[in-house]
Structure formats: C-alpha cells, structure tokens
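Two complexes follow with chain A in common, the first pairing it with chain B and the second with chain C.
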Partner chain A sequence: MALSIRTDGEAAGLAASSSRGTTGAWWEEPVVLRLVSIAAFAAIWEVAGRIPVSFAFPTFSDTMVAFFGLLADGSLASAYLSTLQPLVLGVVLSAFLGVGLGTICGLWRTGEWLLIPVFIVLQAAPVAAFIPMVTFVYGIGMTAKTLAVIILALPVIVLNTYKAVRNVNQSLLVMCRSFLGTPWQTVAKIILPDASPVIFAGLRLGVAAGFVGVVLAELLITPTGIGDLITFHRSRADYAEMYATIGSIIALSTLTLVFLQWVEARVFRPEKRGA
Partner chain B sequence: MRATALRNGPSPVSAPIDTIVEVRGISKTYGNVEALRGIDLDFPRGKLTSLLGPSGCGKTTLLKIIAGLIRADGGTIAINGKTVSAPGPERAFVFQDFALMPWATVLRNVAFGLELRGTSRAEREEIARRYIAEVGLAGFEDKYPHELSGGMRQRVGLARALSVDADVLLLDEPFSAVDEQNRRKFQEDLIRLRTNQNKTFIFVTHSIEEAVYISDRIVLLSPRPGRVSQIIEPEIDRSGDPERIHRDRHYLDTVDEIWQGLKQYVE
Partner chain C sequence: MARLSRRTILTAAFAAVLLSAPLPAASAGDMRIAFGDLPGIESIQTLAAIERAKERGVNVELIVLNDEDLAAQAIVGGQADVGIGAPYTLIQKAGVPIRVFAQISTLRFFPVVNSEFYKEWKDLDGQDVAVQARGSGTEAVMLLMAKNHGIKLGNVSYVPGSEVRRNALLQGTLKASIVDAANRRALEAEAPGKFIVLPVENLKASDEALFATADYLKNNAADVDILVEELMKTAREITENPTVAVEFRNKYKLLPDLGAEADGEITEYYKETAAAGSLALSGGGADAAADDFAFFSLAGQIEGDPASLKVADFWDVAALDRAVAKLGKK
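So, the complex of A and B:
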C-alpha cells in the first residue's frame, strides 16, 4: 500500500512514464542507442572482414556496395517478386487460420482434444524434414513453397493463441457477463484484446518461421527467388553479393516484425504505445 | 436534526417498507463447505445496506448470487417482485479487483456497459462523461487504468456501474484494494452520491467502521454456515460534514456493539 499521501488529481503512473525521455542525457535516447548498436555491429563486421576472418567473408562496405549493385541490376527485385508471393500468402493464411483455430481450441474442449496434440507434435518436429515430402506431393511450384511457409508458421500461432485464450483474465469475463455481454461480444471485446499480447508474440514467431520456411524451400527444392540468388552467388564465389542477399532477407524479416508490433500497439493494446 | 436513537434487531414491521430485492431461503454449498444456509433478507429501496461479517461468512457469495453471477443451490432472488437467476439490467456490479479493461481508456471503460447494450457511441460517451465527472474523475477520460491510482480505478468501476442506470448497485468490498486515504475520501463521496442518485446500494465489507459509517442498514452474517445473525439500523445523521460522523457517539457505540457481537467468531 502506498505510504505517500496522494491527492485525487495525481495519477500514479504518469510521472514515471513521461519523465524518462526528458530527464536523460541525449546519449541515453533510445534512438541514439539503437543507432550506436547498429554502427558498432557494422564496425566489427568491417574489421573482421579486413583481417580477414575467411576469404569467403566480405567486409561490411563491400557487402553494402554489392547490395546496391543487386538493387540496381534488378536481380534483387525479381527474386523478391518470386519469394514474396508464397511468403505473404502463407503468412496471411497461417495468421488467420492459426488465430481462428487457436481461439476455437481455447474456447471449446472438444476442439482442444482434437487439434492441440497435432500442433504440439508439429511444433516439436523438425519440420524442415517435411519439406522434401511436400515437394514430392506438390511439385516445385508456388503451392509447395506456400505449404512450407504454413507448416512452419502455423503451429506456433495456433498454440500461442490457444494458450492466451485459455488463460484469459477471469475477472474481466465475469465483468462482461454482469454487464450482459453476449458470447460474441465476450470473444470480440474481452477475450481477443486480453489475449492479443500473447497472440501477437505467436504471430511474430510464426512470421519469423514463415521466412525460414520460404528460404528453406528455395534452398532445398525450388531454385527460385531469394534462395536461388543465395545459391547462385555462392556458386560464383560472389560472397559480397551472397551476404547482401542474406542481409536483405534478414532486414525484411525484422521490418515485418517491427510492423507487427506497431499494428498490435495501434489496434489492440493502445495503452502500450510509447511504452 | 433527526433523532439519533439506535435501534437493534429486525426493523419494525409497522412501517410499510418498499422492498426492491427479496432473498428467500438462499443456500449454497461448495464441496462439503456450507457457505450459506437459509438466507431470508429484504433490501429496502433507496437504502444502502451492508453485508458485514468475518471472512468465510459467505457475504461475497450472497452478493454474487443476488447479482446472478453464482447460482444458488436453493432459494430464490426477486428484484422488483420478479424472480431472477442471471445478471440483468436492473443490477450493476462494482468489483473488488476493479475489473477494468487495461487496453481501454477511462471513457471506454465507463461506457462499456452501454457499449454492450448497443447504445450509440455519441450517446454512451455523453452519459459516461457525466458519470466520470460525478465520481470526481473529470479530465481523466483519456487516461488508461494503469495511469491511475487504486482509488481512481475504483471510481472508474463505480462510474461504469452508475452509467447503465441500474436500480440496484452491488459493491463487493470495493475499497479493499484502495489505500487508506483514498478509502476515506471515497466513503465520503459515496455518502454524497447516495443522496444525489436515487439508487439502492448493497455493499459487502469486512470493515465494521466502514459499514457503520456509510450504511442505513447493516446485515451481520455469522460464518460456517453463513446465516443472518443480526440486522442493525444505525441512525446516524449524515447530512452535515462527513468528518463529524467519525466522532459521533452513536457511530462509536454502534461500532463497539457490532465488534462485541462479532468477537466470538474471530479466533
């Protein structure tokens, strides 16, 4: 219990949250610290490349030059055109299907017994081993790549959503019932917003796994897109280009995750904006 | 000034009492623990009645049965003469743990009961703003619960219950998670609110002082199994300065008397 005498007009959390940005010195600003972190990484990379650690390890500057070269000659764009289609399709399908199935399993016992064991096994399995099998059945086209994305992304999304829905704040459920909420209102206005932090944690893991899935599929089975670009430059010993391609897909994956976090704060948990 | 005589025992049957909530033969058992046995109670309209008793006397269980949130094993609850077994629009609940949605602003939290009923956004926000001001939170409409102190959060819970315009407000130990200074202030405000709002309050508390301070009527429950042991009507003049009540002789006598009665249940 608070010992200080608090007047009514005083909001407890306000001072703590707003003072951080203003009282710290400029070098403690989050933006500055993040830029320093990236710069330090680039510097270490540059030094390691110049030593060199390995003849197959380009410097940071060479990699950046190669990156802009790949941008300029259009090979990066055409590779992404072929990679992004199955990736986006697979991730979007996994997101909707995963959140939907997870919610059903969280709310409905029979669904839980039917489906959750399958996803627990799928999550535990080294799913990459399925990818050659997927190719065997669906060939080397778009379907196989999309399936590879879904196989990797779906289990974690379903399981996180299921856990979040199952562990929803009981007192808010009672509150909703006492104010005459219908079952649909309870799901839409209480359960999903309350579960959204854990659901989004699952979505972030799922999206990251989806990137793994599409690159694996392109490296293992269908020599197209980003996977093909990586293989191609490796075979020609264009290591700077190879690293630039790998770096670009890492960057894209990171940006996607940041975007997801932004959507979450914006749409579902506005109280966490700026936190 | 009103006569400040202290009357004990059941209320006089001579005066016709307008009963809004009737509790008849309510019993509830959890496993092999008998929480409530044969509770018969009438709650008069427009009064604040406290359910008071040591822990384990089933006071919160009884309140939640009246709210329709827990099903009784036997007996009936009637509101305005109609038997009920589920939550209804004529009752609104204030929760011990506030039960506010952390992702919603004060305004949306207060308007939530109306939102669930399908009231248009403009209308429900206008109503919510009025009650936010009523409980002393004007200016905090766009804050989130985590930005408020415990006392302010419970004011949001109270404003939410007020804004659905129920006849009966059910308060489950609303101040137990609020610090002492805020609790005092809140109790004073509740006394003021009661005179402005023509509502029936049913209030669960384990604090004797709190019950005597704010109640028109105190129902004492004894534990294991929960039963009505006594009904007390402290006639304390609450029209003047609420601070004065704490020094009122009848207030102090009533507190002492209830304590003497409850002592036997405290190990």
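So, the complex of A and C:
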C-alpha cells in the first residue's frame, strides 16, 4: 500500500518537472507534500500495527521487510510471471474488442440495441458472484482467468467508447460533411479523435478493472501467482508477506495507470502535453 | 516540521483510538460459537452437542463465518467465544492467546486414482497429483503417504474444492487427486469401478477442534464443561450406533435446508466415520496434540521439532480432564 502512494508521488514528480515552477516555499512543493503524505501513512500504519489492531495486521516495517524478502527469494517475480499472463491477454483483448464494439454501437442503432443492455447489466452485476460459473464452463485454467479479466474490463471500455462516439461534437460532423468527407473519413478523422479522451479514460478504467478481475480469479478459481501468494501466506499466518503481496499488486496497478496516463499525454494527445 | 509531526502523531493517535475500540464482552451463561465453515452433514454431531448444551442451560448463539481464520479473529476480537477449526498455525506464528480445548474429529481424506492408469501408491511414483492448496491438509496427506510408501510424487498442482477435483477426475482432466468423504462417495456412485481409493494409514490429525481464549476457558469453566461433555457423549453415541445421527437431526431439527433426502447420506457418512474411528471419543487431549504436531509440522503449518513442542502452548486440557473424570475414558 505504501508503494501505491509512492507511485502517486512519482506521478506528481512527472507533473512537477514538466510544468509547475518553483513558486512558493519548499514545503509547498507537490513532491514534498506527497512525501509527507507517504510518511504520515506509513507512520499511522506502523502505529496501528504496533498496537496491534489485530494479530493479523503487521507493522509497516515488517511488511516492507517481507516485501524485500519476497523480492529476494524470487517468489514475487515468479508469481507476477503467472499473474500477468491472463491479465495482459485479457486486457489487450478487452481493449481491442471493447473499443471496436463500442464504436460500432455508437455508430449503428441496431448494434446499440443488441449489445449495450448486455454491457450495462454486466457492469452493474456483482461479477465476483459469477466467476465460479465461469469455472463450470471453462474449467480452471488460463481461459477461465482470462475470461474473468475480460468480464470485468470489457463493459467499462465498451460503454465509455460507445458514449464517447455517440456524443461527438455535432459541429465537427457538420464541418466534415460540408468538406465532403467520406463516412470512413468521418470515423477516422473526426469521431475517433474527438472521442479519444473518453475512450482513453475507459481504457484506464478497464485496465484497473482487469487487475480486479485477475486477483479475483486467482483467489476464487485456482490459486496461482499473486492469489497463491496471498492465500498461502494467509494459511501460514505470515501476515506481513500477505500484506506485502497485496501492497505490491496495488502498487503495480497504480503504476500501470500512471504510466498509461503518461503515454496518453505524450504519444496520443499532444494538446494535453505539459498539462 | 514540529507542527507537522505533531499533526501526524495526533492523526495516528486518532486512528489508533478508532481502530482499537473495545468490543462488549458476553455475559455469563452465554456462549457464542463461531463455525469456520457452513455447517454440513459432517457437523451433525457438533450441532447436536450444542443443542444438548442448550438444554442444559448454556445459551449458545451460532455464528457462521466462511473461513477458519475469521473464526479465530472473532475469538481474539471478542465477537465470539468458542471457535471450530484447528488453529495451530495461528497459535504458533501469530501468537494469538487461544487454546484448543477439545478435538471433535480427525481428518479423513481419500486419495483417489483413475484405475486405468494407477492401481496403488507405488504407481504414483513421479506422477502428477492435484490437491486442495499449497500447504493444505490434503497436500500433507499426499506427501505423508508418499513418504510412507517410499515414493516421490511428480508435479503437485493446486485445485481448491473437493467437488471441483471430483469433476476433473470424472472428466479425466485429473488422474490422481484427493477428495473428502462426500465426494469420494459421489465418485463411486457416478463411475463405479473407474476409480481406486488408495489406503491412508495412521492418519490421526485433527480436522475440527474447539478453541477459545485462555481467559474465556478459565472464567466460563461451567459452560465449557457442559459443551465438552455433550460433545464426548454424542461422539460416543454415534460411534456406537451411527443411525442416531439421523435421530439427532430429527429431534433437534438440524440442517432443515437439506431436506429429508439427506438422511440416507447422513447415515452413510456416520457409519463410515464411526468405523474409521474419526470422532474423538475422549476429546483428544495430549495424544491428539502429539498427532497434530507431527502432521501439521509435516504440512509446514507449524515450525519446530514435533517432539519438542509443548502441549500446553496449544491446548488447555483442563475441561477435558474434568469431562473424562466424569464420563470415563474411551
């Protein structure tokens, strides 16, 4: 958990180095404030762990020691190697499928009526409840886990894309028509670029949901990777290791989202650069 | 900076106060029992003992949790008084102030192999098997038996849920695994002759036991004694005549959700359990503790040489001794 906040600090660092100057006193620097926030969080955790709040609640320092222990003995690396497979596969499939389906639904009424209700239901449903159902159909392997990631990631990507495409600036469309743009040009040069901020937001949410999906799958289907480390250390009452693992996946998820935001700003959205 | 750190301290103190608010303790005569699992047919004996304890004036409240860990948490946090499970790991590693005070039953797992491929333990040398989870009892049973038979298992994979492994065995995805009593019977019913149950010798580790905080045991000795006595009596009655399990069920209206058709299954289950001597007739005690030390240290759930572990660090046998003095040892 501490790590997740560190990544926030890094995000602030990125922003600070690119834009905000050195106005104000040093303690008003975002970096300093973020560091203080991390320190305060760690301190509260440490105190809570020392009381202790529960026998199953390790101190911050124990958790950090456990984290480096897991890193050193390679168990964290091998766990991520197996967790990342369904995650990356599921997220990549969801991204392409989701943007594709969302665009189609946004442009084509029949598609909208056919598909959007399904995704609204999927998004509203407590997905954890039907992950066990996935195992009845797809067994307990990679397919089931990848599917769990897709079930969580796809709806939000489809719905965001659909809404973005549907709500494209009408005057831009009128402009395209007046310049005799072909339908393909309308989609490629007007609709998608104009919808891209919301599509990217959907993709980021989708990636975050994918992390939820993969952890759920590894806890509920078969314990592999991160799910295995969490359940194993819990069954052994090694709570520091358990929290270190949970913290690491939160950190990775946050880092990934920050990275995506950075990529979006740098590569795809020149107008946002330096914002 | 001074201002800042003071604020940090205040925030921390505030959080600490919030998080450590004490929970109200139970009044005398009340006993909150936390199940670490949804009660099923294997819980009939415990449930019957609880009903009889109620008849003798102990006001028992049942709390069903979905994990044994949570039961232990509830006990330590004061939200429950007596837990059901085998919390050796927690006692040793997390140092929680709880003690086991009576064994209910011993573990019964059935290593099952597809008869097309394997016939006996020796055939499993170097072969892949599937068990519940890393560090679980099922894994320990497989490893213990492999050791006893001088073989070495191949790849051990982890598939949680006996019913999931049963289906995988039926589908042929798994060729060797280990399941519980209900799923073993289901395998025999659904595919007679297709599977062989390998013998498990000398397995006497606790499956379920009662535990509570040392303070609770000391301060509520009368209630605890009643529960322990009833547990031993029901275990003896069922072992003597397994059909009384169904009588218990009807008399106390236990597990009404399962319907009348569960009666046959209950009779079968307790016949087997009684024949295997799985119910603790005298509540376990030091002997059970010694068996558990051996098994759970092999499973990796507790550390240290089993011979050097002290019974008093894990068990409180006072209530058991009183019950045995009253009912006699069996």
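Definition applied: the second predicted complex is superposed on the first by the 252 of 275 C-alpha atoms of A that agree within 3 Å, B and C clash if a C-alpha of one lies under 4 Å from a C-alpha of the other, contacts with A are read in each partner's own complex, and residues count from 1 in each chain.
We adopt the following convention: contacts are C-beta pairs under 8 Å (C-beta built on N, C-alpha and C of every residue); 3 or more make two chains touch, one makes a residue touch a chain.
Source: prediction; values computed, not measured.
A:48 contacts which: chain B (first), chain C (second), both, neither?
second
One more residue to check, A:178. First (chain B), second (chain C), both or neither?
The answer is first: A:178 touches chain B but not chain C.
Looking at A:268 after the superposition, I want to know if it touches chain B, chain C, both of them or none. Which is it: first, second, both, neither?
Only chain B; A:268 stays clear of chain C.
Touching A:190 in the superposition: chain B (first), chain C (second), both, neither?
The answer is first: A:190 touches chain B but not chain C.
Which partner chains sit in contact with A:166 here, chain B, chain C, both or neither? Use first/second/both/neither.
neither
Touching chain A in the complex: which residues of chain C?
Contacts found on chain C: 4, 8, 11-13, 15-16, 19-20, 69, 73, 76-77, 89-90, 92-96, 133-136, 158-160, 164, 168, 173, 300-301.
Under the stated contact criterion, what part of chain A meets chain C in this complex?
Where chain A meets chain C, its residues are 36, 39-40, 43-44, 47-48, 51, 53-56, 135, 139-140, 222-224, 228, 231-232, 234-239.
Using the touch definition from the top, list the residues of chain B that touch chain A in their complex.
For chain B paired with chain A, touching residues are 67-69, 87-89, 91-93, 95, 97, 99, 101-103, 112-113, 115-117, 136, 139-140, 143-149, 151-152, 160, 164, 179-182, 185.
Spell out the part of chain A that touches chain B in their complex, as residue ranges.
On the chain A side, the touching residues are 1-2, 5-6, 8-14, 17, 171-172, 174-182, 185, 189-190, 193-194, 196, 268-271.
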